[in-house]
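The structure that follows is given in the form of structure tokens.
Per-chain numbering from 1; labels A, B, C and D assigned in written order.
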């Protein structure tokens, strides 16, 4: 399967490398990147034959079946529309957009064109979270009562990045909103947000927060809570717990090794993996496999367009809740 | 030190036994209990020489230095007032009362009499939570950003008990409100409550909930979240986590043994201790030791009258938040 | 049940305290101790009414049903013989003796008198090891193939103690030999010992070793290995593992708390309990309960005279193996 | 760097794939394999341009700098000699041979030719074991007193394989002998072996055992113990522990995920990884990286020819010990 890569920045390069090395039968035929000079060497090493600044070269190439949209967020919706019209199957990085209208337009184009669209919520393919979902699905946890998600980054991104990030809820928590839906197997109905600037006042000056606790009400009656921090000095903290009528399932962080040193001072072990590349590498491989598989076998992709829309709605509700200091229903932000 | 026991129900008997067997130099001289016939055999076995239905026998006994108030909640405030007037040092089970005015009256009596008052928040003396507090106090966690408390009972109490319990927040979560103050080393400023009836509709008919997530804002800027359930089928679930600028400290549940069985089906170990007696037994000993020590050495007890008042305020705010579906400041319930 | 205590040194006092505080219906009526002045205060605090230097006062007291023999090892066999003749049931600290002939004589006296004898292998009553034994007994581990025991003390005892200890195998490993029989549910057939002086040359000068690996062959075909050290600076190290045809069961050490601190330097937790009092306290209670229960209900005690003999045989074989640098069969030391 | 692959069976294919996908700057130019038809498709997929039945095509190709010897054990020594004479750097799978004379001849050829030789003891590059070694090397464990290695396969290999395997000690335990040297940072002086046939009588009929405990004496005074089983039904069991004067370091198994399910029946988690591919995949990548790095930078490879010889000596001593039922010194098998 020939695939086109649109946007060869950090995440685009990651996808291209994993696809090349880990997914037999799929290859990047063409990569489109505005800053073409910066990626020439990289593309060569990866045996990507065609490099272009114009993504139309991909959309017009009838040999290319699918595209990976890894460009900046503000281009996602438009690229989905054009790719759909060109009849390409689409893997698009999250979020689709911050604007509900634009997201819906994009999803409509996909529907009309009858192509497949998968959104890049890679954590659904993580070995730990997938196992928890399986335990929920199998009924071993019983009816879901409480979903708990801890999600903390090792260090805040540069302020320049934060300025265009859409804020913590649409940039960082959006993954957790997806995870909450994935683990509860339900939709979110209402959100209440508590946020604070405890790490860097510069983040506050942007009108953003760096620490937050978000509580959720699900349509199936369950409740959820997410806690976020932009700075966990011990590394990437990614844990979940689902509590239900038959018990609870949880996962701890992944560690570089399991060595424990027992000394007169105490028991010491390594801290968790530092960040998402170490922790989630294999989940990116798995999501690409699932996408290639869905295209090859003409199946519904495991993360749909609606799965791209919902977390944005929850994020906008979270933002509104923070500003208005009250719980906000999802339907309030849809109108 | 001669001590009088007022109320020899389940918790009163527990205190008396632990005091007798584990605290050298202290003894129960007299026990007052309305249902005197039901405790005669027990008192004999424990070598408690005097048994009475009239607690005045304790308050009028000049040899008795201190009392343990273990009667029903509605009698606590009045007994504190009388015991203080009689010049007895007081250990009183939580909560002091559900009425703020009555609590303040009781605390005033204590102040005027110059006696010591310790409230029975035993979990502060638990080996696990105390260690987390030490790590916070020592600065090893850094500035506190997030406090997380999981507190789930193995099974709901009888409906008859629930009817007079004051509701989940004043009966069960009150321990967690104390723990939140203990671990954050700060006061709570605002509360938001999400609650649901997911276990037993009969609980809902009482106007109570059986599952809840409560978020907290502390005066020092930190945030907190407590999750409660009246029914964790795997046993008593009592975990805490404190996250701060230098890392996080957490504890897991205690287990009856550490055996793990590795088989072709997976790795299996025992579930946590079933309930509070198994889990917290030694914490009750430690709190009594601290009380006896405070009296003997004329020191401030480690859990003061104000420590008895604050969790009730938070509980009332939590209840108001649930009913009004909005965050509630503590000062709103004080007025 | 009235009980007599013979020998009120460290272990005798421990037994007396646990019996008094934890075992309803049993009490120490009389304690015999040569250094009577040193224990007077202790006996008074514990409400032991009679204190004597002459253990005959116990043996001649028809009200006393059972004795706890906690005197020095060289007196055990003789005291068992006399107590049996006096018709007292006997709880005797390990080891019975280092001399096989004397042990057999003692066991014969017990048999003739028809009294009960329980040997103080307390670790069989430990919550962790008992659970592993249950898993073996229930067949969940399958046929036993390998038994592994790690047993390390926090620090060597004083040289004066070591001089009369009988050497590491009869003093320290003897507990592990009992554990090996307990967990394998089989007898030991052959022993091979590797030993070294790695901690203190003074131990070597006594002809003893401070570090050892002992391998065992069991009659049921299984194999075992014990590793010992006189100095584990992180605390008391007491772990076992049983591997069989259906999997393996193991236990880890017990810790004072389960707190973990995650920081930029790593994850740090407390070291294991320091020594046997912290780790095994409740196992001593359980063994006394079992003894009192066996006497009261006229049942076979759970640790018999033969259970006292076998570990001494294995210990003597281990010593012979170390000296002759070859595997030694148990039958070689019986002759 | 152009590399030749000699032997494209299971392990040869694994090395070729890992080299291709994970080691930038190195590639398999030619693969030699007798059963050439069976590997044609595989070689094509991997873009290996030249496939041959004659390994001379590799040795005679001046563009090829290094070879990976992955053929059957009985060809290793001869291929090392020929490759060395051809001036190729050599990565050779373990064991070099079972015959000490042939090993020494091979090592001499390497020395004379001045080429590099690395032996495929991949476990040294495992994230867990490498960390333990680092802790030992850094002095954090102190002087090494006891090394413990648990090494159990999930299921016995086919009897046909076992017939030519050289027996459990040279086929399976050889990895553990290498690990013992790696972790103790010392040579083995003496071996005592206990073995039994507890899994499959057919293994016994070959004169082999399927379960073993091997104790080791090291030249630095430390002791070691290895326990082996051909059948751990819960999966691949690979744990080590190093105990020393300052404490101990250990590692547990790796698991497919960290999910724990807490229910009324207990706490259940997944069993360890099934076998070496799941567990050791990344260690194979790391060993190849180290080899390519040693060749590229003209450094001593991290696993030398002597590291290939020593475990064979220990294995032969272990076999002799089993047969003669006594401890055997390494020097006894050298003669």
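The working rule: contacts are C-beta pairs under 8 Å (C-beta built on N, C-alpha and C of every residue); 3 or more make two chains touch, one makes a residue touch a chain.
Quick caveat, the model's predicted, so the values are computed rather than measured.
Rounded to a multiple of 5, the C-alpha superposition of chain B onto chain C involves a rotation of 180 degrees.
Between A-B and the choices C-D, B-D or B-C, the pair with more than half the same contact pairs by residue number is C-D. Each chain's centre was taken as the mean of its CA atoms, and the one lying most distant from chain B is D. In this assembly, the C-alpha centroid of chain A lies 40 Å from the C-alpha centroid of chain D.
One inter-chain figure worth recording: chain C and chain D are separated by 42 Å, centre to centre, where each centre is the mean of the chain's CA atoms. The mean-CA centres of chain A and chain C are about 58 angstrom from one another, to the nearest whole unit.
Counting partner chains per residue, chain A has residues 233-234, 246-248, 262-264, 270 touching two or more of them. Taken as a contact graph, with one node per protein chain and an edge wherever two chains touch, the assembly is complete, since every chain touches every other chain. For chain A in complex with chain B, the touching residues are 143, 145-146, 148, 152, 192, 194, 196, 198-199, 211-213, 215, 217, 221-225, 227, 229, 231-234, 237, 243, 245-248, 325-327.
Within the complex formed with chain B, the residues of chain C that make contact are 21-22, 24, 45, 127-128, 130-132, 135, 140-141, 246-254, 256-264, 270. Within the complex, the chain C residues that touch chain A are 233-234, 262-272.
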